[in-house]
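Letters A, B and C mark the chains as written, and numbering starts fresh at 1 in each.
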Amino acid sequence: MATMKVAEKAAVKVEARHRALGLSDAQALEMYWYILLSRRLDERMWILHRQHQVAFHISGIGHEAAQVGAAFALKRGYDFVHPYYRDMALSLAIGMTPRDLMLAMYGRQGEPSSGARQMPAHYGARALKIVSGSSPVATQIPQASGIAFGIRYKGTDEVVLTCFGEGSTSEGDFHEGLNWAGIYKLPVIFFCQNNMYAISVPTDKEMPVKNVADRAVAYGIPGVIVDGNDALEVYRVMKDAAARARRGEGATLVEAKTYRPVPHSSDDDDRTYRSREEVEAWKKKDPVLLMRQYLASVGLLDDATAQEYEARAKEAVDDAHQFANNAPFPPAEFALENVWGESRK
Amino acid sequence: MATLTNIEAVTRTLAEEMRRDPNIFITGEDVGVRGGVFRATKGLIEEFGDQRVVDSPLAELSIVAIGMGAALYGLHPVCEIQFADFIAPAFNQIVNEVAKMRYRSNGAWTVPLVIRAPYGGGIGGGLYHSQSIEATYAHVPGLYVVAPATPYDIVGMLRYAFRVQDPVLFLEHKKTYRLIKGEVPNDYYTVPFGKAEIKRAGTDLTVIAYGLMLHLALEAAQRVAADGISAQVLDPRTLNPLDKETILESVKKTSKALIVHEDNLTLGLGAEIAAIIAGEAFEYLDAPVMRLGAPDVPAVPFSQPMQDFFMPNADKIEKAIRKLAAY
Amino acid sequence: MATHVVMPQLGESVVEGTVGKWYKKVGEQVALYEPIMEVVTDKVTTEIPASAAGTLLQILVPEGTTVKAGTVLAVIGAAGEPLPPATPASAAGEGRRAAPAAAAAAPNHPTTQPPNAPTAPSAQRLTPVVARMIADHKIADAELATIHGTGDGGRISKKDIEAFVARRTSPPSPLLPGEGRKIEELPPWEQPGTGELFRPTEEIFGKPQATPPSPSSTGEGRGGGDEIVPLSPMRKAIAEHMVRSKTIAPHVSSVHEAEMSRVIAYQKAHAGEFAQQGVKLTYTAFFVQAAVAALKAWPIVNASYTEQGIAMKRDLNIGIAVAMEDGLIVPVIKHADDKSLLGIARAVNDLATRAREKRLTPDEVQGGTFTITNYGIFGSLFGTPVINQPQSAILGVGTIQKRAVVLNDAIAIRPMIYLSITIDHRLLDGAIGDQFMQKLKRFLEEYPAE
């Protein structure tokens, strides 16, 4: 069988890192699936925006490996996730669907995160323990510590993962959230996806230290740096961080070094603040490419299978696109609902 | 029936609710062994331990944010802001996060949270230990803002605060903490939010006041009664949402309204209440709606004559009542 | 009591004014409302009327000087009166506790502290609740004028309306609390006593009806709560004319009666024919015809009294009083003696219509030599109208009624009318007036059948 031959051949060349990390072949392929699905869905959203079909898009392209690696390190649906706006791949990997995300793009009825109140990319799903986020950055960080405070209060072994960009670490919320987590040894993973730019402002104008992880020492917690474009590496460090948290040893600050090869949002022009050469160089480390190469190298993904994955991804994206485009808008008066709880009535 | 001060009403109710509900915990600056700078949490750490009475870092933003996270997890936290003046660092967390969570998640996530904040002046606290903050927060839909003024109302409303699944900004006028005493029944009761109360019956005009001003308005009403002016005194108790029905019912009867608040005048609660009256009881008015508030200066000055000038008092309220009665 | 003359605020944005010219010198007499000075501002130049009658005691601001509104400019009082300190009342000091106590007296003793002179605009304004209660209780303007306002500046308050309504609807107080028994039927020793030696007279005799303030052209003595409807130019003109006529001409009136059978028969017979020509044949046309006939017979009635002599009018121009919504106007049928009944009727139609539409030209209301007023339209039997100066007489036409009349010692039912004539006794005597009326009466009673 052709597949076997490829696998045998690859095994000779490359050590199957995923197995060393305790991941099955199926899990490794599933990681690739989410990375790919997120990428193709994201790309379609850019297209819809350029076609003037949707109002806004903020992308997770380039961050997929970091997010999927982190998601796989959690007990999905058991641990809490307090994401930020780039966490498309993370949200998909935790359990949200392309249809969910497309409903948000179109602002249609049934959108699960906010009932189509929020802009797209404000992920939330109570059943999946994905906490709804806002747009002011870093607010989720001390809240994640608060959730972790609740976990500690109740004595369960749940873990909280909260994500943010390196730009958010300039906010006071970052400091206060990590401070609490350090003081009370809270079961929370602070996951910084450092893509080197806060919109247009490069890292050296955001902070005087080289790494976000360097700041961990101020809170008495470990600071870990990882290649954010390598899903398996991210998985490895996140797995450690989650285990630490479950053991009651407290929080970890994980900094994934990555890159955003696209503009900040549909309304940004990144040509104004960085060179094309820099962007092209990072594209060679593209998470989709790297994961496919890895899986091919270990014999899990030949060209035919890769095409099959592409076809499935396209099918899922087409379905979500059509589904959302055909979904009705929420009734206008729906704007008045869910301001106060039942107790008021 | 027990006679309690306002602060005793707070402490006793916190303890009682913590005994009832293990999900209630308290955090804030100095709430632990110190028992709070105003002693509102006195004795609680001894009874409930440091797991439930948690000294926070000196960081208002995260006092609220930690509370919010814990509330999302399923607890019912009490966040004490030491002085309402210091709540500003938590503004974003309160307004953008706590108050918007139910709405932004379409009801999936709620933030049952009680933020206690001693507020108000007249105690020599200067600019940053005297502020009235209610107008800023009463503007925010989804956030209950309450200002009970009597031990009875503090007990009833603090109990009620733990029975709603929405965030509550629980304002306690610090000057009334030990100044105001009142009887509290032994029987269990609550005072639901959004319900005003007529604290003194009257027929000639309605004085609407809350917090410390309620007590000063009652004093002024007592004084003018000797001259045959019958002032009804209405305590809204909940500032958001306002009990429009009771306010309108009262003003429709008396046809004259005076709103008193310690907060500075411009865009204070008085503006909203006056607009409600003008909008929905216009044909019942026999005088322009009057407001009495502090001058529009940034905050309460420290030096005694300036503080006295700033603060509405019984004399000023009495004068306003007489002016309105004579109109 | 000396009175201050104060610089007024001439417009909302005007805060000061310049004394232009003093019309009076210190020591001169001034009448109430007599212009005593001129004030110049960047917006207006105006005369300042005296705020009181008396002697101009002092001028405090000389000509050409600019002062703030509210500044005392002069003092008027009785000659020889000591001058008061020239400080405006508003600048009085205000004690911390004294002020509220003083203010407190006002609402409690409204009768001992009369409201301020009703110069404040608030005196004329009604609050929403008062306006609504006036509508709810159907309080007429005349009734409203009787309500004494006890609010600031004499404003009518909700309580004032409540008190008025209670007064209006409550039955008159019984003489004594007798539980419905007729006290006067009992012998005095059986009538119940209350044990009170002195009781308020209102309680014994009932509250005296509030007397409406007497209207006065100067506005003096007007109650603070009166609603002031501004005078229309027409109302002003009527008032002036009527007062002048009554002042200069001694009015004498007499009433005559005429039977209208023939006029009515003629009107019925010809109304349709007139209508075909677009003319409504009214009885007024017949009265004009009758007046023309009588005036021809008695030209002295078609005249005016002047100091130089009696002005006998060459033309015969008959004025017709037309009632309007807000007054009345008297358009004139020129050369009525030249017109047929059709012509007169057409003129009456046209003038009355255009009068009500306020489309008359000034020329059409001038030059009358005799006037007819048909108050019968509103049901009046007879009246004594005021002469339209400078004419010498006015004919009043009552309503036509069927009455029992004695004809040839038998009682018959006939359509009858009272006609009144009011004459200016300076040039006409009663005999002339009555003979004039007999002529007019005959004209109507003998009106030709065809």
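The rule we apply is simple: a residue touches a chain if its C-beta (ideal position, glycine included) is under 8 Å from a C-beta of that chain, and two chains touch if they have at least 3 such contacts.
As the structure is a prediction and not an experimental result, all values here were calculated from the model.
Undergrad: Whose Cα centre is nearest the centre of all Cα atoms in view?
TA: That would be chain B.
Undergrad: Determine which two chains are connected by the greatest number of contacting C-beta pairs.
TA: After counting contacts between each pair of chains, the winner is A-B.
Undergrad: Centroid from C-alpha atoms only, then distance chain A to chain C, rounded to Å. What do you get?
TA: 89
Undergrad: Please compute the C-alpha centroid of chain B, do the same for chain C, then give the distance between them in whole Å.
TA: Centres of chain B and chain C (C-alpha means) sit 61 Å apart.
Undergrad: CA centre of chain A versus CA centre of chain B: separation in Å?
TA: 42
Undergrad: Touching two or more other chains, which residues of chain C qualify?
TA: If we look for residues of chain C contacting two or more partner chains, we find none.
Undergrad: Quick one: which bits of chain C touch chain B in the complex? Just the residue numbers, please.
TA: Residues in contact with chain B: 96-97, 99-100, 103-104, 106-108, 127-132, 151-152, 155, 157-158.
Undergrad: Any idea which chain B residues touch chain A in the complex?
TA: Against chain A, the touching part of chain B is residues 25, 51, 56-57, 59, 61-62, 65-75, 89, 92-93, 96-97, 100-110, 141-142, 163-166, 193-194, 241.
Undergrad: In the complex of these two chains, what residues of chain B are touching chain C?
TA: 224, 227-229, 255, 282-287, 315, 318-319, 322-323, 325-327
Undergrad: Please give the residue numbers of chain A that touch chain B in the complex, ascending.
TA: So the residues of chain A touching chain B come out as 80, 113-115, 117-118, 122, 124-126, 131-132, 134, 136, 139, 142-151, 153-154, 172-173, 176-177, 179-180, 183, 337-344.
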